[in-house]
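What follows is a group of structures, each given as structure tokens.
What follows is chain A paired twice: with chain B in the first complex and chain C in the second.
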Partner chain A sequence: MIGSASLVAGAVLLLLLLAVVTKGWLAARQLQDVAPASREEDAMEPCAQEVVSRIFSRADWEFVRGLKAGRIERLFEQERKRVALVWVRQTSATIRKVMREHAQAARQSANLNFSTEINIFAQFLTLMAVCGTLSIAIQITGPVWLGGLAHYAQRLSQQVTKLQESFHAGSLAKAEGTGRG
Partner chain B sequence: MLSQLILWSSIVLELALLVTGLRSRLAYRFPAFYVYIAFVLLQDLITIFALQWSQQIYKSVYWATEFTGLALGSLVVFEICKVSLAAYPGTARMARNALAIVFLTAVAKGFPISAGWQLTSTALEIERALRTVQAAAILALVILFLVYSIPFGRNLRGIMLGYGLFIGERVICLAFVSQQNHDFWFYAYSASYIAALGLWLGHLWSYQPSPQPNVCVQLENDYQRIAAATQRRLRETQGYLRKAVGS
Partner chain C sequence: MTYMDVPDKKVTVKEAYDDLLRRSLSKIRGDMARLIYLASTRDYNTGKYQHDGLAARFQAEIAGQALEMAHREIFHRLAACSLQELVGEVEIYVSSSRQSREEILEVWQKLEPYRVALPVDVNVAAAQLFVSNVKLALAILCLRQQLEAMETSAS
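Up next is the complex of A and B:
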């Protein structure tokens, strides 16, 4: 028992630190603080709800299927899959940005609440897991069958964004208050 | 022969590290780390003399100094935490809680008992248990540093990476190493320290300041308000989830 626990702890630590070394994560952090990656910023443009519904809608699929043209059907599937994967990547980039901004604001708060932070982090992990699952499911089955799950992820993501907005509004209000005082 | 090579390489690298530390005055900035290195150098020299004296004395000296080294290593971890999080009280609080959880979990899971801390247990088994707890503590800290985007200067990053990789490798080796034979794991166990020394020497050649946060946000009162809003939103999310699963 102790042997396997040691092995797991050692292996995870070693792998994580090797990733830190090779990816230069801790070293690159300050650059990210000063100037967020512009490519990621571009990806932050929210996708309209109608577009998301369209990506995962069965109506277009049924229309194309009605044409009874195999080549168009395949082309449609490929394109839809590509668009759906871009949407998933965009959503997960938004979630990561929200989490990064939260962490950057919270790390300097002296009375930060441990359990709240754990809750937010757990929610972040859940969302990232949902996005990962979605991505794999889209690769395997295509986006048309995943409408329900996608909407669920979208709504969860929006809730986290709202949370973040309220957090930011609070910090701005305080900063303004301090400036006047 | 290989053991001797590893031992003498360690001594040379430790000396080089101490000399560069004093020259660049890094030894005054990271006192716990340099005390640890000085102690390990002393340990190496003592064990060489003990080995010439008698095998039994060597074993006793080796394990006694090994555990002192382990305790000093823990101080290095606390130093990393203290220096890197000085400007981040929020993350420092999280780190204190995370470390408390790691140690409490270790105690609750009966790590010392399951490791066989009885009269019959070997020093190797005890070291394995303690190193595992140390590895878990470092792991928790590294995750926190990544989550909260804590910027690290070259010096502090080197200390953390070197010590973390050394502990990770040592914990893996301790799971396989045999007390009787000098097999691959025995040499890997000894060589892990050489790798850490090399990394430290590369990162601690000269002083480089740690980056400081650009904006100082005062959130003392707001965090309470936001925390309440967060909890409310989370409850809503939980209800939404339950509804989604139930439908």
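Up next is the complex of A and C:
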């Protein structure tokens, strides 16, 4: 009896999870139509920390809730969700671009540092996982409760970008040194 | 001409920027109005900023760079400000305009002219946040207006 009840509960949970993932996937597809990925990757400016804080701001939500207007609350939830998903897609696209550039530079590099490569790749995988989690969590709860995770993703993205930049600068310096020698 | 005679371009852009702040932008009330003003100095076809007075005091190119610098700075300020502050900014813009409040709110909601006020190549998420917040601010101001109208008719 207990066994069949837990089986049913498990199946319901699985169905719920599938529904959430499908919803997230559909929303991401809709978003792709609105904002092409190339535009996000080619963004000239990095996203400022204050903008990330604002997208995931709880203070804005409290201000809207204080208005006691259901229509405005719904509009706010819908709008912030959309903007937060744009930011997640932008972060993910930027980091994929950085990794592509890094892979290209690494292929041409003669002396790779194994631990640096593992470190960059591990951070890249973590960031991709965080972005995926954020996309689904934004769909379920909205961005207001996810500020901590978003800031973590932002920091990780900056770290990977810096590591790639220092790798690139190091490769250039070595190539110049070899050229002169 | 020696190298000492060549003006430092960055210093000159900064001077033009300070001049723009002092003579023009300080006289405009509110960042939203400043943003709209700066966007209006940009040519739709070329994307270049033009300001005759500033160009006369400096060079057209330097004046253009100073205008762009100010445009970006004000945009970033507005994009990162709280929703409550942005509602205040839109309120200042609406109330200081010659047109009626109702008309501006209606037209802004329909035409969304603030989308044209974005500087070029700004971060996509920042641009989307700004547009989304202005949309929300307009909805909040409309709601306040409706509530005021209801209160007036009730009394």
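Annotations
The rule is short, and it goes like this: the second predicted complex is superposed on the first by the 123 of 181 C-alpha atoms of A that agree within 3 Å, B and C clash if a C-alpha of one lies under 4 Å from a C-alpha of the other, contacts with A are read in each partner's own complex, and residues count from 1 in each chain.
To be clear about the criterion, contacts are C-beta pairs under 8 Å (C-beta built on N, C-alpha and C of every residue); 3 or more make two chains touch, one makes a residue touch a chain.
None of the values given here were measured: they were computed from a predicted structure.
In the superposed model, A:L67 lies in contact with chain C only, and not with chain B. Residue contacts after overlaying the shared chain place A:Q104 against chain B, while chain C stays out of touching range. Of the two partner chains placed by superposition, only chain C is touched by A:E79; chain B is not. Contacts of A:I55 after superposition: chain C is touched, whereas chain B is not reached. Which of chain B and chain C touches more residues of chain A is settled by the count: it is B.
Comparing which residues of chain A touch chain B with which touch chain C, the overlap is empty.
Within the complex, the chain C residues that touch chain A are 76, 79-84, 121-126, 128-129, 132-133, 135-136, 139-140, 143. For chain A in complex with chain B, the residues that touch the partner chain are 1-3, 5-7, 9-14, 16-18, 20-21, 25-27, 29-30, 32-34, 99-100, 103-114, 116-117, 119-121, 123, 152, 155-156, 159, 162-163, 166-167, 170-171, 173-175, 178.
By the touch criterion stated above, chain A contacts chain C in their complex at residues 35, 39-40, 43-48, 50-55, 57, 59-60, 63-64, 67, 69, 71-72, 75-76, 79-80, 82-83, 86-87, 90.
For chain B in complex with chain A, the residues that touch the partner chain are 87-91, 93-94, 97, 111, 114-115, 125, 128-129, 131-132, 135-136, 138-139, 142-143, 145-152, 154, 157, 161, 164-165, 167-172, 174-175, 211, 213-214, 216-227, 229-231, 233-234, 236-237, 240, 244.
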